[in-house]
Amino acid sequence: MTTIQVNKEHDEIFPDNWKKCIGTGRLGLALQQEYLDHLKTVQEDIGFSYIRGHGLLYDDIGIYREIEVDGEKKPFYNFTYVDRIFDAFLELGLKPFIEIGFMPKLLASDDQTIFAWEGNVTPPNDYHKWEDLIQAVTEHFIERYGREEVLTWPFEIWNEPNLVNFWKDADKEEYFRLYQVTARAIKSVHGDIQVGGPAICGGSDEWITDFLTFCNNENVPVDFVSRHAYTSRPPHKVTADHYYQELTEPDKMLREFKDVRQMIMDTDFSDLPFHITEYNTSYSPINPVHDTTLNAAYLAKILSEGGDHVDSFSYWTFSDVFEESDVPKAQFHGGFGLMGLGKVRKPTYHLFAFFNRLGSRLLYRDDQVIVTEKEDGSMVLIVWNLVMEKGEEFNRPLDIHLPLGEGKYFVSSHSISEKYANPWKVWQQMGRPRFPSQNQVETLKQSAIPLFESVQHNVTGEDLSLDLTLTKNEVKLIEIVVVNDETETYLGLDDSLIDSY
Amino acid sequence: MTTIQVNKEHDEIFPDNWKKCIGTGRLGLALQQEYLDHLKTVQEDIGFSYIRGHGLLYDDIGIYREIEVDGEKKPFYNFTYVDRIFDAFLELGLKPFIEIGFMPKLLASDDQTIFAWEGNVTPPNDYHKWEDLIQAVTEHFIERYGREEVLTWPFEIWNEPNLVNFWKDADKEEYFRLYQVTARAIKSVHGDIQVGGPAICGGSDEWITDFLTFCNNENVPVDFVSRHAYTSRPPHKVTADHYYQELTEPDKMLREFKDVRQMIMDTDFSDLPFHITEYNTSYSPINPVHDTTLNAAYLAKILSEGGDHVDSFSYWTFSDVFEESDVPKAQFHGGFGLMGLGKVRKPTYHLFAFFNRLGSRLLYRDDQVIVTEKEDGSMVLIVWNLVMEKGEEFNRPLDIHLPLGEGKYFVSSHSISEKYANPWKVWQQMGRPRFPSQNQVETLKQSAIPLFESVQHNVTGEDLSLDLTLTKNEVKLIEIVVVNDETETYLGLDDSLIDSY
Amino acid sequence: MTTIQVNKEHDEIFPDNWKKCIGTGRLGLALQQEYLDHLKTVQEDIGFSYIRGHGLLYDDIGIYREIEVDGEKKPFYNFTYVDRIFDAFLELGLKPFIEIGFMPKLLASDDQTIFAWEGNVTPPNDYHKWEDLIQAVTEHFIERYGREEVLTWPFEIWNEPNLVNFWKDADKEEYFRLYQVTARAIKSVHGDIQVGGPAICGGSDEWITDFLTFCNNENVPVDFVSRHAYTSRPPHKVTADHYYQELTEPDKMLREFKDVRQMIMDTDFSDLPFHITEYNTSYSPINPVHDTTLNAAYLAKILSEGGDHVDSFSYWTFSDVFEESDVPKAQFHGGFGLMGLGKVRKPTYHLFAFFNRLGSRLLYRDDQVIVTEKEDGSMVLIVWNLVMEKGEEFNRPLDIHLPLGEGKYFVSSHSISEKYANPWKVWQQMGRPRFPSQNQVETLKQSAIPLFESVQHNVTGEDLSLDLTLTKNEVKLIEIVVVNDETETYLGLDDSLIDSY
Amino acid sequence: MTTIQVNKEHDEIFPDNWKKCIGTGRLGLALQQEYLDHLKTVQEDIGFSYIRGHGLLYDDIGIYREIEVDGEKKPFYNFTYVDRIFDAFLELGLKPFIEIGFMPKLLASDDQTIFAWEGNVTPPNDYHKWEDLIQAVTEHFIERYGREEVLTWPFEIWNEPNLVNFWKDADKEEYFRLYQVTARAIKSVHGDIQVGGPAICGGSDEWITDFLTFCNNENVPVDFVSRHAYTSRPPHKVTADHYYQELTEPDKMLREFKDVRQMIMDTDFSDLPFHITEYNTSYSPINPVHDTTLNAAYLAKILSEGGDHVDSFSYWTFSDVFEESDVPKAQFHGGFGLMGLGKVRKPTYHLFAFFNRLGSRLLYRDDQVIVTEKEDGSMVLIVWNLVMEKGEEFNRPLDIHLPLGEGKYFVSSHSISEKYANPWKVWQQMGRPRFPSQNQVETLKQSAIPLFESVQHNVTGEDLSLDLTLTKNEVKLIEIVVVNDETETYLGLDDSLIDSY
């Protein structure tokens, strides 16, 4: 039994950096109805501020084209689809966190691609044409959305250039060249647009200092630093449809956030914002961990503490509408999404929705609890019980003392666990239907609703004591509001006069 | 422990008479947005065929008016509102089960009224004007909705004329006169429109035979017989806002259905349809029993068996948007509605929604269980544990053997009980807020969702055995579908490679 | 031919006082779905800030009730309906412009009523109970909607107390007493809530000065002055369903705005806001003028200039969902509404929607034209041709010179006239169906769309010249935006290669 | 002046074959929100029964995949997307008119492709794998949608195999082989599924007889015959973005319908249904004629008479959401769609919507008029004035005598012409914005509404005479309903008492 005493004097703001940005599959997917249905619901329940994904310049959106005029190829910039996509984002309250990439086929210097959808990852075959493209795109954004709006959009150059599969040969010098040309092209349209990089994945953090040194030496503009973070170890089994990895402990990710922030602080660019533009447990879109309750319990501490170290961290991704490993082959397939196909909310979805109910004043925080207060005086807690071991018997008792003072309180909770709000398990019981019927999807959606419970507490002393037992990987949102008891105004009320009561 | 062996040879159709008709507050309320919001949801989840309520001729709809022409008053029939109301019903898939009444103020012979909204319950002051009105209304319905449509609408004359508060002096001869004039007026428009009565409440069933004898003797048309049924005893406490009664056992209502049907069978009109045009536990709109789980558990047997005896039975009423005892004074106030204010589903709502999931083939039925089969071969059961005694310890173990044969089955359930899907209890914990905030209403709605649970059963013998323990007043829907197990198609699948699993 | 030369140097803000407030039928009607459908559309197309109507304390909303406790009647305040209504208003972006009235039946000192719906217009029978009611209502508003919000709501005391049918005996001293008690009761809840009066109709403007003198002498709080304005002469024919009046010229209303403003300026309360809390052509809800194009053409000048003199002027009313002369007896019946039954937009609706397209910079204004500029540099004009004489031949040529400078311009217009967007005329052609079928209503809605026309102008000199001929009572919105001509980018374009072109 | 005398004795059913089927861009586009928005509106206004498009087996839907198992490639059938697409169609009331094609990349025998999206048009590299695929797909349809449903879906084998760009070498023998294997694979799942071909474009009608002879000789199943029809001549100018052609006269298409029907009648398969599975004026998706009023006026006769000769004819296509010539490069770009980007209705959209208002009884028909009667006795006409010459002066007077008999009639019309409902022209006035702002799109949508006009006719003799003058390429819908004149019921009505009237 762990006993926790919350102290009301603790006074700190709980930053909402955890909801600043969300990752998405390739932007071209944003034309799809199912994608937009998911995103609308996500925005209602969570409400991210920015959205970031690959493929702005990929050929399905088709911005870069060439037409032949008098025997000569000339660039043609087609904004039909990108306008439709960004219009939709903005209508949903989301600003683009621009990622510049990948290479349009007609501008590519080689044919190396990544993903089932074959994004080209080679440098431009003509840096002048590239520069023109970047300028044209930036100008178009300002023309359509206004200067004031576009100045709030970060422009990040490329994605994970430190990996050979994302940037040909992981050629650092070539990346710096690309960065320089691109950043200057953007700034030539308006000097206050924010540009940044190097958008590396973890494991090569020397790129961060090299990148900032380069910017410093070459006087190249840089307005923010970005990096990714995943916490899974190398795979121990990989098949066509499954990718199995073990997870490190969650603190590892928090340490990375902190360490890289310190690296930046140690440069001449110590004031720059630091954005984690992708993070998740596993970096594989076919790792079943993403569908589990474990994933939610694991990430709880990261949502709770990540914002202490970074300006934003962007969960990769909001939806299983995603094609990097081809069209999803089954209802559950280990996809990154908070929301599964058919609008089925996965456990991690609820983790985010729970965090969205927290107050802005932080009262207490440890490895398994976060306690906040809202402006109306109510308290909102999230408690969790991460268990990475196998087996069922890992119940954890918790006794939390909240300094609410004398009075009656309405205490309500929403819970997810291995037993409740676990559609992945229900789907297994159904026989893992790859292409479930509409009825089956409806059942999965019903199965995904967190367990609601409530009680009235009558506090006679100083503390309201919550005696909880969390089951394995349970994550529970608890909301406590003072009761304004109107019972006395019901004259003659006597429930005992009803049969049964 | 009760053990139940279901036998697949039992072959019977389960009639859907329980959903043929639903009661509503005064028709004028059907102009309201909240009313229509409730009704839309009810139709999606349950899908009644007809709707019946008071007040077609009440002055808020305002059909009967008079205008002065050259110093003389002449009738003016205003269909502005009734058209809007019936248009809305039909758009929601509901046909009107017409109730002719109450008396327009300008046609009333006296000033006796009923309800907070003061419906006049006296005979017409001029039977010729009344006849003209009835004809005009009937003609208008045919003109607007077509003959074919209107021929499917029953026209019931008046409401509970055997009560002095619903019909002046409960004057039987005067009622027969009214019936005769009205029925003939309707038939004069089209002879195939169905007319009926006497719409009595229970306790004076001699009216039924008297009515049919009258029709026979006077050659007055009659196409159906109607009656009401409530199962609560006289009140033992009444205040301005509460009306407390005990309930009889549910069989009493079923016996009434059966007995009156037999009375009709014993007349020359033995073929006439028999409609229960109102029923509920209590006849009071301020009896808290309507908000309870008890109400749902109590009515389960009536929904299960009522249709054996009557052609329709119409629950009174679908919504707490209702004004017979004035504008509702609190979120929960003992109203008749399946749905409470703010679209909060009450336990009885779910009872109806559960019945709507049943199959059409009846396999087994007793006091606590109904088992059906659907066309696709799946089985759907409802089980309940009615406990009319006080106290908490009334768990009931049940062991149900279903002859499903060898195979894997997906068994899912939705449950309501004193603990789950009990918004009335949650509202008490909140301090019984009369006018809850939008947040409080949102919490009540979340609290009203039935508990979902599921499991996969592997049947190796003949029967799938369900070992259940029902808590007090629990009502549980259980759906069983065969599993088409696709697990083998996931090559290399191994959940044990995920941490925790 | 009138020639108008617009001068770009003219620099003035066009105030949007014309859309500050809108009138509504009795607040209880705001429970209705049709009412809310109309209001939603009105808010999308026009977007008023406040809404004002009678009946906050009328018995259909039922705020004031009494319950018997131990043989004694005690007040009970029921907020079920008013919460629903105000929630709906706020969700549509409308704040209540509170009108305190009429008298709840249980508090009335006499039985004098007004309107088909019988609003009681007598003083309270007990000023203490009245004071308690007003305080309770005000407190409830603050509890539910927050202090900050309620401080933006004006509270106007009563309606047209200078008329004997709206206030018993038009007793001025009694009104002052009512005002004093009410204003102080409101201020006792929060001193910054705005209170005002005397809400008189025209014709007794001495009430204004008397009222302010009274407030001054008695030190009674007053935060704004209010009055009504109608421009029709006494009726020359009145029947049960029609009320015919001639209109004065529109300037009369503007003079009244100005004169009363001057009266206020001449008191010690010269800084007080002055609100016209009702205005229209005719004050009768069965005067067919409201359905005509004349009504729109007539009001154009008032919308154009009224805001120079008053802080708000509130058109009476937005919708024909209205019951002061009983339930509407026909599709068109002379109702006040901008929108007719079945969501049919009347000509005056478009007048308001046209004004809502104007820019905020006023360039030119006269009796038949208003010219504005928007922030994006486009020009928006409204032109109209008010003809109050009978006959068809009143075309008016207009030549407007707009200093837009060299370039290409896209000029588009929307027009209403006797011929187009005149559903009242179409309804006459249909045979004036009182209760039109859904098909007929659909046709009326299609008939109510303004005529759209457009052209490209190529200005080579300084001015764009618009050569217009307005037909009788035509009102035309003209929008002029500069063309960014992309034609040259379509390589090889040649429309003449298409057949027909 | 043409005078037309309609005779009521003429009694014929007007077949609705014109709305049996509609064409669509590649099925993968049906995942997009804009596509589905367009289709929903099309279904509301027109209501087609079937939808047909390319790409069922194209790699973006991704049905055919292979996975490696123990070093061997095995087929994997992925129905995730096709289920989503067909679910959406059926929800919109559309059944699939299945077109089997093109070749999945992994099954292709060569790399020849068609369209910007590169559909492979080569025979299978392994007819056994192809057969397995076809069987698997057919079985899946039956499993998901039910046998009864799928038996109503025609399965057409391939598209335009008589063209070298749609079928490698236009190899007829190879097509017959493909047809035979495919048809038998489908029939092996259920013998009553309808299969057909040869889906040729015009110009090689010997394929029809060869195909039927082949089926006869080889005893290959065939349930219907299909062909395409376009009426434009070879292009006289082609650029990257424009394709200009002249049109033949519309009778040419009708003659083709008739002649091919006759060819079929002359075989042993004379009873087979004959479907035109694609038709339009031009077969190019960048021919501006599709955006014009000419296109609508041109097709009027074909909609009017086509159904006499063929069982269905499917306009190619419903929407400009289409990618055969790459992502659309501008708002208007000569696309096939009835509906342009941004939900802008093009003139031909209205032609179809007008036809959808016609009655089922055909009274009269010629080159410029179709007159029908509805069940309620109202008459509905469409008149048009096709002018394929250049210039503006081609007004056509028409005098139509309709045998309606004495009485008052409400005559209303909706018109499209070069002047009204011509958004293509308005877009030109705007400067042809490629990527219009949301405001510009809104203006285009308003500009696309047909002109509404109405009048009341008082017929004293036998005929109602319509004196019309149609402008160039005008298409006008005229609806005539008898007036039930209620004017007399408005006692005291006198419009002349209103100013202006």
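Letters are used for the chains, namely A, B, C and D, taken in the order the chains are written, and counting of residues starts over at 1 for each.
In this section, a residue touches a chain if its C-beta (ideal position, glycine included) is under 8 Å from a C-beta of that chain, and two chains touch if they have at least 3 such contacts.
Small disclaimer: the values here were computed from a predicted structure and weren't measured.
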Which of B-C and A-B has more C-beta contact pairs: A-B
Equivalent-chain rotation between subunit D and subunit C, CA atoms, steps of 5 degrees: 180
Rounded Å distance, subunit A centre to subunit B centre (Cα mean): 47
Subunit B and subunit C, separation of their C-alpha mean positions in angstrom: 44
For subunit D, residues that touch 2 or more chains besides their own: 67, 69, 240-241, 330, 434, 491
Contact set on subunit A toward subunit B in their complex: 236-237, 239-242, 244, 246-247, 288-289, 292, 294, 330, 387-390, 408, 410, 412, 414, 426, 428-434, 443, 446-447, 449, 451-452, 454-456, 472-473, 483-487, 489-501
Subunit B partner contacts - residues on subunit D that touch it in the complex: 67, 69, 491
In the complex, subunit D residues that touch subunit A: 31-34, 36, 61-62, 65, 67-69, 76, 78-81, 83-84, 87-88, 140, 144, 240-241, 326-330, 341, 434-435, 437-438
